[in-house]
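What follows is a structure written as structure tokens; I'll ask about it next.
Chain IDs A, B, C and D follow the sequence of writing; residue 1 opens each chain.
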Amino acid sequence: MSGNVFGKLFRVTTFGESHGVACGVVIDGCPAGLDVDVSDIQKELDRRRPGQSSITTARKEEDEAQILSGVFEGKATGTPIAIVVYNKGHKSGDYDNLKDVFRPGTADFSYFSKYGFRDHRGGGRASGRETLGRVAAGAVAKMILARRGISVIAHTKEVYGVKAEVFDESVIEKNPVRCADANAAVLMEKKIVRVSKSGDSVGGIVEIIVRNSITGLGEPVFDKLDALLSYGLMSIGAVKGVEVGDGFGVSQALGSFCNDEMYVDGGKLRHRTNHGGGIAGGISNGEDIVLRIAVKPTPSILKEQSTLDVSLNEKKIKIEGRHDPCICPRIVPVAEAMVALVLVDHMLRGKVARVDEL
Amino acid sequence: MSGNVFGKLFRVTTFGESHGVACGVVIDGCPAGLDVDVSDIQKELDRRRPGQSSITTARKEEDEAQILSGVFEGKATGTPIAIVVYNKGHKSGDYDNLKDVFRPGTADFSYFSKYGFRDHRGGGRASGRETLGRVAAGAVAKMILARRGISVIAHTKEVYGVKAEVFDESVIEKNPVRCADANAAVLMEKKIVRVSKSGDSVGGIVEIIVRNSITGLGEPVFDKLDALLSYGLMSIGAVKGVEVGDGFGVSQALGSFCNDEMYVDGGKLRHRTNHGGGIAGGISNGEDIVLRIAVKPTPSILKEQSTLDVSLNEKKIKIEGRHDPCICPRIVPVAEAMVALVLVDHMLRGKVARVDEL
Amino acid sequence: MSGNVFGKLFRVTTFGESHGVACGVVIDGCPAGLDVDVSDIQKELDRRRPGQSSITTARKEEDEAQILSGVFEGKATGTPIAIVVYNKGHKSGDYDNLKDVFRPGTADFSYFSKYGFRDHRGGGRASGRETLGRVAAGAVAKMILARRGISVIAHTKEVYGVKAEVFDESVIEKNPVRCADANAAVLMEKKIVRVSKSGDSVGGIVEIIVRNSITGLGEPVFDKLDALLSYGLMSIGAVKGVEVGDGFGVSQALGSFCNDEMYVDGGKLRHRTNHGGGIAGGISNGEDIVLRIAVKPTPSILKEQSTLDVSLNEKKIKIEGRHDPCICPRIVPVAEAMVALVLVDHMLRGKVARVDEL
Amino acid sequence: MSGNVFGKLFRVTTFGESHGVACGVVIDGCPAGLDVDVSDIQKELDRRRPGQSSITTARKEEDEAQILSGVFEGKATGTPIAIVVYNKGHKSGDYDNLKDVFRPGTADFSYFSKYGFRDHRGGGRASGRETLGRVAAGAVAKMILARRGISVIAHTKEVYGVKAEVFDESVIEKNPVRCADANAAVLMEKKIVRVSKSGDSVGGIVEIIVRNSITGLGEPVFDKLDALLSYGLMSIGAVKGVEVGDGFGVSQALGSFCNDEMYVDGGKLRHRTNHGGGIAGGISNGEDIVLRIAVKPTPSILKEQSTLDVSLNEKKIKIEGRHDPCICPRIVPVAEAMVALVLVDHMLRGKVARVDEL
């Protein structure tokens, strides 16, 4: 059954495989009147593009967004916005030697077992290239959030044991790791380069912060804000864990510590601490929303590995090609996109919460 | 907007507040012919009931499940199965002193800010009592899984720093903490009792394991199996984090370590390790599915806390009543239920994956 | 797969069989703050109750609505509203002789072929009793519409060739046929009684009018207002056709006749005619919405009929019991309910149409 | 809110405006392994293309379908199938004089009132060109139906009072009206040409027949087969009514007449008549499914009409351009597409009806 639609009111359908004709997205439910400039979408796509630095894959992708519908004279019309990015310069032939082999740690076997065959070219739909549509839609979602002053900022918090110790937003986009700690960024980069040279890859942690959050986002009991954020973030290929606020830290904490004390600041209810990560009972409480995701090391590595082919014969493989030794920096814009999509969907859903506002 | 429906094909709608008339669930999409015995549902409800031991709340809830529809002569008819549990012996008056006060760490303020007012009686819809419907539906889902030999087992893995070191499934239901390590269980219980006496509460970690999993569950790209499991688990009140397989551990690992090596065992593809937690590319690969959730300490504590009332005046409160000092053991059946719901939904969705099977 | 949920934002799940324990509904998405009085729901249920006159079945159903959740101190809290009606005084034994026989014109065979067995007691889920949940939810929807001054009025327009010639709203609820033409009502009743005595039943047409409609309801391209109204109305058991405005009459008309001319009345855009039935391009244009549905004769008749049993043996049957010889008057409140549900859903959806209103 | 997604398991999202960059569709949920040939899609698109005869608009649209994703080596992979048709040779300038005027009988005013502005170029999203995506998706749905031997055939049954008296399937595609009665077709064409010359347009009735239907399609109680067929058909621009089987004729019939008698034919349950149109209780009973839709006259006519502009000033307009004087023949492939989409969706949903088949 269909699993490529995300969101209820701001409904996003993505399509496309790594070596197909094109990738893209249809946004159904973008409110009319929004100013939509293709260059704002392009800017986000450029952030996820490979080949940006020494630690991302040197593959050259020219990902040019084109808006096919839904925008007239620079404004969203309320009809579906289709955005397409054609795949250029992809040589499927590169993957012919992997045609019948299951690459370890990838979706190769699971797709094969589910569908009976698979598009073996570079991961097909399971490729990271699938996120193009997410990022394009996320760019539109960010435009809606921006109208309320809400921003979503992600950064690489940890790489293979190296942790960011300070948070300086201004440096995130200035280092190839997208780390908010300039010093840690240098160490992270060194570690990634070293591991990469040994033919291996490393994992890390990406943190996402929502600034100028508003209260009331989230729908009990299943569609809690944190539940849908987890859904969205966990749907990104390499993510193996999601936490909000203190996250797994709560397992070692007391209730008296975790409860965020309320106080009044300028006539407004605020919280002295933010252990809850801006969400209480599944509904945003106005504080910054703070999330972290665990990002596994890229499974495609140069090192020789044992595996099986579709006939269950043992094989040895080395995955040539150019793969990111650490995917964290390129997950940053994707994670922002998913968070933006969830926030906008909940913002729209929140519009019908009270009968007095109908 | 409505957020109380979970699942696409096995669609579950829950209803009910802690001090309303009744709690319950409607299951829409249960396949016809399933043997449904109300006693199997009751058994699961009894597991989540309070008052089971010294470390769970001493409140007495007589939660008796009644099937209102969808079952005829012991079999599901394919029509909606409605299950209701009436609320008995709840004195709303107990909560009158909390009427206008926001209890710290709860959904009080966020509900108020969203809806403009709230049902102040014991948490209303945000109460743990809401999970009755989930557990009842989960019991039905488990019956479907059982037909394929699939079982879902949860246990308390960690409480306030005390970790289970061994996994002995047979002891889980024999200690009040629902821990699979009998020795750790004793330490955990002691710790909980001590903290409880000081008027405080503690958090922990619950692990969920799916035995005899099958391949092919999960729908790329958004409705990945782990994405929907995260959605379901994170929607449980006290959960602040979810991880699958190595989870946050991947942040310190190499790709060569995380990639689960495939081999052939009895003509079947298996994996030598299970770092991926039974899921690859969002689709189950046949290995045990392993998940962990971070459970925060119960926010309702006896210790005096500072807070605000609805007029933003400062208040001091002590939350009397009987609340679980550690909610982990009672989250165990709820977590199992959510995992069972997601698995069944994906099992149904998987039935239409291949055109050859139509 | 589940088919018992209706609506996207005002989401209604019904449950219950004619001879099960109870029928009911869960409304997920009712905006908080709505005044909900169970007596308003009861009033609508009473309108669909059998035994109201000589031309409706003499069965006595005591359909008492009970609200289980979602309403606190007389107001909707924004959480699911569950409403239940217990089935009383139904003797399943009455149907034992029909256990293995497919009643002609009913869902007996189609349910059997789909599910492999069926609840044979009085139609089970396919019984008209299923509409209890619809009417209860529709009563709540009407309360929301009433806040905007919108009302939904249905009436029997035609019965077995006898047509209403005038429309006098005040007489609808005063005659057993629910006809807006007092004279035609007398003729209709006579005809129904005569046919009934011969052991047969008759069909008719019910018209639904939405007064004080507003502009902007409806979502292109699939979720047009008329498309969802057709969906909702056609989902009522006996309905075999739906039309809006001139309906099938357009097949004999010219474009110059069908185009409703616009003019200005009191500074407001109005239309001189209403051939479109208040909807243009799938969106309401502010004029009265006018729909008609074709209602087939009740299939359960006393006359002897030939049919088959589950083993495909030929059988002769006479369906005893008390069945409505003309179901139109009892469909009136059900049709109103379905229209109200669609309107409210679209009203909510319309709240997120423009970015300026977020 | 989003209204451009149709179907639950075979989920179709269309996009595109008449004068935008492109129209298209994303199909999410096409079962893997289906043979998909773009030429089969093109063939259906060609059937709906304008400029095919004297009675369809002389506009020249080169509607060339391109598959962007979801098909690999001629087979559906189980991932979303995106199909796009670029808009060529459309001069938006043609519509500048209509920029601020509401064309009578169209969606101009209703879109304006809903969204605050509109894409005035040729109807924008409300244009018939929107159906390109439906027809492309319907072509894929037909491929799935064909595997089971099921076919969907539509034909023009009536035009401005002229009725087809015989049904000869072989002539449908051989006359410009797509009428199954060669003689009536000649009369219909004459009538259309005559009316067209007078600057006017005419309505008609299109009938859709499903051959080799199977039992068990349809999901009670809301998602009845006829309910979703009505939803899909009524969502086509010009449709003002839908009926199944005897449709509105039941209003003048007796129960004993409408009940289709069952008998055994070759060991299979069959019905002697088909008043129900192949559907009983919302579930297909194996007989041909028969539906009819009322198609209104094209609102865009040459005749001078009175109307208003966006400032509510009175205007006189004549709509130049080339519009179909009778849209029936071009609705034929669109109606087939909508029926095929609903059938496939229900076929997939039916796969999870019984627990024994899981």
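Definition applied: a contact is a pair of C-beta atoms (placed from the backbone, for glycine too) under 8 Å apart; a residue touches a chain by one contact, two chains touch by 3 or more.
A quick note: this is a predicted structure, and the numbers were derived from the prediction, not measured.
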Labels of chains that are neighbours to subunit B and to subunit D: A, C
Subunit C against subunit B, contact positions shared by both copies (same if over half, else different): same
Pair joined by more contacting C-beta pairs (A-D or A-C): A-D
Distance from subunit D to subunit C - Cα centre to Cα centre, in angstrom: 26
Centre distance in Å when subunit A and subunit D are each reduced to the mean of their C-alpha atoms: 38
Rounded Å distance, subunit A centre to subunit C centre (Cα mean): 45
For subunit D, residues contacting two or more additional chains: 1-5, 8-9, 14, 29, 32-33, 78-79, 114-116, 125, 220, 348-349, 352-354, 356
Contact footprint of subunit A on subunit C as seen in their complex: 8-9, 29, 31-34, 76, 78-79, 144, 147-148, 220, 347-349, 351-358
Residues of subunit B defined as touching subunit A within the complex: 1-6, 8-9, 14, 102, 104-111, 113-116, 125-126, 130, 158-161, 195, 200-205, 215-216, 218-224, 226-235, 237, 240-264, 267, 269, 276-277, 279-286, 294-301, 303, 305-308, 312, 314, 348-350, 352-354, 356
Interface residues, subunit C side, partner subunit B - complex: 1-5, 9-11, 13-17, 20-24, 26, 28-29, 32-33, 66-70, 72, 75, 77-82, 84, 114-119, 121, 124-125, 348
